[in-house]
Amino acid sequence: MIRVDGNGGSSSLIKVRGLNKTYSRGGEKIQVLQGLNLDVDKGDFVAFMGPSGSGKTTLLNLLGGLDVPSAGSITVAGDEITRMSARKLTEWRARHVGFIFQMYNLIPVLTAFQNIELPLLLTKLSKSERRKHVETALSIVNLADRMHHYPRQLSGGQEQRVSIARAIVSDPTFLLCDEPTGDLDRKSADEIMALVDELVAKYGKTVLMVTHDPLVAARAHTTLHLEKGVLVEGTRSGAGQSVLAGGIA
Amino acid sequence: MAIPLIYNVRSVKARWTSAIVAVIGIAGTVGVFVAMLSLARGFRATLVASGSPGNALVLRAGSPSEMMGGVTLDTVKVIQDAPGIARDSSGPLVTQEVVGVVPFPLISTGTDANVQVRGVSSNVLHIRTFVKVVQGRMFEPGLSELVVGKNASTTYAGLTLGNTINFGGGKWKVVGIFDAGGSAFDSEVWCDARILNQVLKRPENIFQSVTVHLSSPDTFQQLKDALTSDPRLNVDVTREVDYYAKQSTTLTRLITILGGIVASIMAIGAVFGALNTMYSAVAERGREIATMRALGFGTVAVVFSFLVEALLISFVGGSLGCAAVMPLNGLTTGAMNWQTFSHLAFAFKITPELLIKGVIFALVMGIVGGLPPAIRAASRPVASALREL
Amino acid sequence: MRFLSLISANLFRKKIRFLLTLGSFAVALFLFAFLAVVKDAFGRGSDVAGADRLVIINRVSIINTIPLKYRDQILRIPGVKYITHNNWFGGIYQEEKNFFPQFVIDPENQRQVFPELIVPDDQWSAFLKDRQGAIVGARTATRFGWRIGDRIPIKTTIWGGGAWEFNIDGIYHGKRQEDDETQFWFQWDQFEERIPAGIKGQVGWYVVKLESPDDAVRVAKAIDQQFANSPSETKTETESAFAASWVKQFGNIQFLIVTIGTVVFFTLLLVTGNTMAISVRERTPELAVLKAIGYSDRMVLFFVLAESLIIALMGGLFGLGLAYLAVPALGAALNGLLPNLVLSLSILASGLGVALVVGVASGLLPGIGAMRMSVVNALRRV
């Protein structure tokens, strides 16, 4: 169940309490997140929306352990990542998070296969074991026939599929997506979203996605809006009611 | 229409770190180039300065140098009466000379260097008119006295005014220091020829060379004909200038060849550096270039624009390199002249002509390093360059 | 190594840049090798000089001679094993620029004192029987295309009497690569026969072979003392000291070479460092993604260093290899001006060391930058 009031149970996969993040920009201090709460269960698919500069990417970075908050805590599968050292955080990320960005996901000088293999190089798997995992991931995203192509030989949609394959190849706890369809045309965007749906529905993946596109957000279980530094549950008709106490299930 | 120059200047300023790298690479190469050539020039100049057009050298026929020569007193007497020789109140301007190579310790290392000690006639200053005694006085004939060249007194230990030194089993007093106008003689020690012969245990009346002052440079041929056709004599007559020019060939050639090889290798390296810088510039500015071309600037304009940048960078580099080695000018160093077996001090000689050559060298490197990237910049398809993120 | 494909893929990313950087390394190390070889050649005399040999010259001047009759007196000094004498002939073969050293030798003792200059026994015996015989070093023989049996005329003006002719009876080789193979030897007897009476019986210098190198100082002193206050006082020193002082007269050549080498080193560092910096800068977003995936900061540093090291070593080996091939040709160009140029193993080793150091140094700054880069900021650059 997805909650933003800080009252989620201990069974939540992802638990965020009182998250603050402040930046200094040109001498000024800007508080982007102010006491943000969030609970996400395994298998949930959440979309984050909000105006530019509202802090969506910041939230994603914090959830992924790429940044540290000014205050508050984030617990994932029982690990309180906000208390981890930088080194442990790096190891944790490799094991638990799959990232999909809007662009620059792939290393241009490596083939699709080699790109997908990257997270596995950090493990102790042998070459043949790695190959098996990569081939599995490739078949899930339906790109087995292109495994030896370079990114420049793939279309935008295909590149994102390879990114998704890389994000799932080491079977992470959850996937973080930052505007994955932002650079794609409608048709490719739909293909990617269909794939994400499959990952959630068929493979039970947990997905947290930032997007600008309402049609993309519509596919998620829940859309949350980032307003004034906290998350607010929204409906299809627009920005939602501020819910500080008690959530809508 | 040409791309405005200010674009190039600002671009270079914006990517100044890369530009500095190329500049330094070129500066280093040009510096080495100029330094090596000025070393060779300096050596040659020293030896050439030793000869004056108004003098001629008489050696035994077939002797490649003074060291190997042998001229008897009788021969000297014949020479003194020959036509074409200048005379003054002291008599015919003829100096019969003996050269020896004597070890003296170098002030810099303490080990011995072979120094050229020249036994001369007492009227030598009338013949080598560019030599002037600047401290003390000339030696007295018949006495164990030395006059020392200004370079010699600062390079070898013990050759200071008033000092007494030992060599050849005798005591010698340094009574004067002379300035020989930057020629090889500045590294020599002079004394009475007769005394030197005794000390070196050589036959008393045999000398190694005779230098004469011509009554005018044109009388050279007259003197030469007179002496070579005389059946009593077996001599060669050369202009002093030509003799010394020949003496320097070995070392000059060595320095020039070595220096040339080093400078060529460095030039290739500098060109690589310049190419690298310019290719990176083209890569980093792909979109800018495409935009300009889309705006209507033609291929030639783009090539020219990049070439100008390359030339700008290399000109700065070349000038820097020249400026950096300027302090070397006049710096004396020492080397062994194999042809005379003796140590010779000479100075780096940097001429304006050399500096210009250095800058031109830099510009050539700039063109070679700037052209291929410039052509690449101009020939990339505009559309793909614009699409680049 | 599992990361090899990632590292090498990045290396060859921009072919031209890779080749240029490789080329820069190759050129710099070629120059390094060349300078080291030349520096070696200048200092050669003192390297090959025997520690157990003494050179005796006339104290007054190296040009002056020493009487032959000193020989027996020197032999009687304890510690002296063999003694031989030489004269500098200084003749001209065809023209002056064909210079090579010609020595009058004492055949009886030559091989004992200079065992490293090897002549086949049959050639040596032929030489001994031939008054006008000559032995020539392999390098000079090759230079002029001489063969055993050739008759060689050498002009001289010092010793009187036009051209002297010799029969080449043998060719000597040096035991080590650095030994001088340019000398031309002929017999003392022939020399004595042909020179004017007034200068007979005089040698240019003596070379003594000691029973043991430890005796050097004592014996040298003893010899000079023996002839102090005589008409020809002697100056005796070890062969290496003698050669070293010769080289020192060349003074600033060392300094010049070291200076050039340093300039090259730093320029190379600058160029490759800059290239690495540009290359890393271009890849910032990719490196950020790697870090996001879970690659540690240190691994990223490692990747950058590995790249710069690989280019450095590849380029360095290439340059050193080229030098190895080119040195003989360069030596030929400088024929006669310098002792033969040899690219020794130690030069190769130090060359590799230099390449390594520059490789690490040039990758360090960009690598540290990449290591410290914050993922968040880098991705925001999009």
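Chains here go by letter, A, B and C, matching the order in which they are written, and residues are numbered from 1 within each.
Note that contacts are C-beta pairs under 8 Å (C-beta built on N, C-alpha and C of every residue); 3 or more make two chains touch, one makes a residue touch a chain.
As the structure is a computational prediction, the values presented were derived from the model and not from experiment.
Student: If I average the C-alpha coordinates per chain and also across every protein chain shown, which chain's average lies closest to the global one?
Tutor: C
Student: Taking each chain's centre as the mean of its C-alpha atoms, give the chain farthest from chain C.
Tutor: That would be chain A.
Student: Using the average of all C-alpha atoms in each chain as its centre, how far is it in Å between chain A and chain C?
Tutor: 66
Student: From the mean C-alpha coordinate of chain B to that of chain C, what's the distance rounded to whole Å?
Tutor: 25
Student: I'd like to verify one number: the distance from the centre of chain A to the centre of chain B, where each centre is the average of its C-alpha atoms, in whole angstrom.
Tutor: Chain A and chain B have C-alpha centres separated by 73 Å.
Student: Tell me, which residues of chain A touch at least two other chains?
Tutor: Each of 103 in chain A touches at least two other chains.
Student: Can you list the chain C residues touching chain B in their complex?
Tutor: Residues of chain C touching chain B: 14, 16-17, 20-21, 23-24, 27-28, 30-31, 34-35, 38, 60-64, 90, 92, 96, 155, 157-158, 198, 231-233, 235, 244-246, 248-253, 256, 260, 263-264, 266-268, 270-271, 273-275, 277-278, 282, 330, 333-334, 337-338.
Student: Using the touch definition from the top, list the residues of chain A that touch chain C in their complex.
Tutor: 57, 61, 64, 66-67, 86-87, 90-91, 93-95, 97, 99, 101-105, 107-110, 114, 118-119, 121-122, 127, 166
Student: Provide the residue numbers of chain B that touch chain C in the complex, in ascending order.
Tutor: Touching chain C: residues 17-18, 21, 24-25, 28, 31-32, 39, 60-64, 67-68, 70, 100-103, 106, 108-109, 111-114, 167-169, 199-201, 203, 250, 253-254, 257-258, 261-262, 265-266, 268-270, 272-273, 275-277, 279-280, 283-284, 333-336, 341, 343 of chain B.
Student: Mind listing the chain C positions that touch chain A in their complex?
Tutor: It is residues 2-3, 5-6, 9-10, 12-13, 285-286, 288-297, 375-376, 379-380, 382 of chain C that touch chain A.
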